[in-house]
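For clarity, chains are labelled A, B and C in written order, and residue numbers in each chain start from 1.
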């Protein structure tokens, strides 16, 4: 059997994060690595076909090689949907295939359940408790596991079932799938859905498997926080023997510390947390429920909470709450990434006020962003790669790539001053 | 004997604090509770007449009931002075009465001393060392304890004695007092003082008792700090068995910790301090000589010194020095309430530069005030209830209720930026 | 033999530092003290002639007396170069003389080596590895230790040798030196150099001694950091028995703590560090590789790194990196002295962008400077004595003496605000 891994996704909505979704590192490894490894460990004797974008190809190959997979790579030159992606690999597809998304977090049990179900096509149906804007499975009356149709975004109240179709789709005849993909004409947005419709019309036996496990989508950059939480929920306490932890630091709960890490006196790490290779957790810093990818430095007295911190980021006496920092992020002393609206509304992003549904969301920053001393960013603000938020600035709106925002010089005024010079004693008294 | 407790005071000068003076909580109980309890414990078999404003009535009743007092409530509908207050209760007044202010902090010994002194009227005279703008007692020559007159605000150097009349006034005949209050005509501001004058003229035997004990007035909101200091001077070290104190926290001196409190690692509490029910003192926070009423949360790394923090306030990496926060106060990370003028002058408040006489005074905030991340408030600034001080703002003047102050968007400018991207190594080196 | 100590230097380039170079204290003693003491300990039976400016005279006398030196003081009334300085002492000069700069840090071995070398004049030649804009020694061919000429600033690539002439100049006949100084006419900037030229022409035997030891010049105020590093490299761990160090503080490495110092819980001092008399290191403060002269107070939670902190300075939750603070410096909570350009260029100072060659340089402040809460200063900014940097200000340019810079009131705007008041629970949840 062949596993077709769709790793060519574009992800405009992921802005300002530019790393291809499936290459974003979690716990020191790209998301693709985690998903390939999971499939390898749960499905026997599989051959992989990885369909990737041109820019992801080399990295994907390396990952698959590292895992010792039997694989081939197909390249989709432009991100033109799922059908087009599959057709990029048409020459490689032979018999039974299982189609999965490279970035979907799923419980591996679903793969087994799909493969154990008889049918020409078998798809998973995620049981949802409230309306989700996806494709709903309508089943054939009296036949619990047979799909009658897939209803795209029916609107709340019109759902034909409580099952949303995910992607972990089994086709008994891959060549037939390719044939359909080439043949079916549609006006629909997605040719792949049209193919499924046509197969149903043609009387193929299309089954679904109810799925009640975890599913963490990655559509917007703040979903990286959900995926982080998922990976953090899986770790135990494990400290590398090559890490150097001060006896005066506190490590509590499920904290995974990689080699080369230094944790200084007074630092507190409250699990679940992942501290990547060669990270430095400075004196009195506190890290809670966060991922720090490799090479990060917290500096003195930083407070990092529920955040995803990409590689080689550095801090110095900062608050970082519920933030997504892609990597190579630098922050001057006293800067704060605010994560909670003082009016307690859910955080909305961008000019079109997209509701993230989160009460807490800090900064979302692309790679190489710099934040000056005593600067502040407001909840849900996005900053493009390599931009600079100047010292003392309060950033309330998104900032594009390669920009800097500073306080105008005219905001300040200079006057003569006579210093009476005596506050020293008052201050000294305070500390006695 | 009847104790008449004047609890109807208006307190315009208490702005922005809106809680009626006698209901401001100290150590978890309203000021009225403390004073009623003290009188109950020091004067036998007393009946209480509590004269309150309409809005205080219910709460005052509850407090008196809770103390198991024998009491009646009279309502003064408008705050029209002490004589009017007493007349609100005229139907209840019968024989001997002792008139006290609900919010005055006095040593209970004075009540005993007053009641042990013979006279138609007996009043306390506070011995002062420097001029105080109150009513001074002129005594009858050769008769040390007999009052000749009360001289209102004589001006420095013109004092007839060093005794300022306080309120803990005994009248042998309460009905006669009521009669006087109804009968005496005056052009003076205060009818009550006119009554005392008339009684003297009419030859009643008016005595005074010299008082050298504590007296803490509550006229301006920063006096709450004086009252806090008074209550803190009375407490010992006591930690509720229902509190959870990290072994890595430091509790030093007279610190009273109520049930439900959590104190995290690295936190330092240096007494005298009161930490109310369910407060959370976060990692590395330091609290000195302060009251935190119930439900407060210091967050990570806050520094709270000589302050009064009303219920349900929250902080996060803040400095709070010599501040009065009425309650439900919220403060973003990095915000600072400055308490010391850099020119070392005493702190003055408002447009009329009222001198508080304090070298250190931070913010005075009504209920529900919010302070954004990295904002700063200048010494002695007052902020009305429910107002917001935006992130990064430097607040130098009073702010009314229900206002927000923010930095204008035009204060910032955006330009293109090319990031050379190499400061990481420099920074990393620093922490090695 | 007479040691002539040149202590009259002007030092315009030292702005905003006003203390005469040789009186700047290091490890509790003026630089002059250190240098005189070193000479005393290394050259036997010397008599000192200290040539000072009028304002330094008294202090220099006191220092010399304190060291029990045999000395005379000569006053140079205006800073008009080295020849003029020497001529100010012409009546005192008798026989053999050794001329040294009061502020030059040199290894004492060089004095011995100079004095052990035969010659009418003997000068030191510092071996340099890269071009330095000083006077280079050209030696007589075949005679390794004989000076042919001194070539001033030859330009890179044109150096006649790798030896830069320093000042530790021996003259066998001091009277002859005086004679030359009075006699030689020159159009050169420096008469002293012209004298050396003339002596060579006249056939005197002028030798040099190669010097490979330490030499720390003090030309610009940031050189104070280099001198600090030099002194710190000499200290061991030594804690006065009259200091009070909390058991919960961490002292690591070579830390010299004077009497009267208090170090509070959670403070970290990582050597090499010097903590002067009566300093207070507050809770959770961290000090690394720095000098704090006497009477300084770090307050709560300050982070002081690689800095020189002059006497009686005080801090409160601040970052001070690579900064030179002359003394009597005060800093409000949350203020930051940034030390690293986010673009990683070397720090340049002033309007003429003088390159300091340092990747890290914070603030350079004269005496009595005050910095308001949450203010920020940019790398390499200089602030004149007694000036004030207002709260929240971002200081990007030098500020003269006796000035204050503040944020304009018009930078803020006030609007109505309705507080929904519910973020307390969200916040509380965070800390659970």
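As a convention for this text, a contact is a pair of C-beta atoms (placed from the backbone, for glycine too) under 8 Å apart; a residue touches a chain by one contact, two chains touch by 3 or more.
Everything quoted here is computed from the prediction, not taken from an experiment.
At the interface between chain B and chain C, two copies of one sequence, fewer than half of the residue numbers in use are shared by both copies.
To overlay chain A on chain C by their CA atoms, one rotates by 120 degrees, a value rounded to a multiple of 5.
Separating the centre of chain B from that of chain C, both taken as means of CA atoms, is a distance of 52 Å.
Shared contact sites, meaning residues of chain B that touch two or more other chains, fall at 266, 284, 301, 316, 321, 330, 334, 340, 342, 370, 374, 388, 392, 407, 411, 419, 421, 423, 427. The touching residues of chain A, counted against chain B in their complex, run 250, 266, 268, 280, 282, 284, 286, 297, 299, 301, 303, 312, 314, 316, 319, 321, 328, 330, 334, 336, 338, 340, 342, 368, 370, 374-376, 378, 386-388, 392-394, 396, 399, 402-408, 411, 419-423, 426-427, 430. The touching residues of chain C, counted against chain B in their complex, run 248, 265-266, 283-284, 300-301, 305, 316-317, 321, 330, 332-334, 340-345, 359-360, 370, 372-374, 388, 390-392, 407, 409-419, 421, 423-424, 427-428, 431-432.
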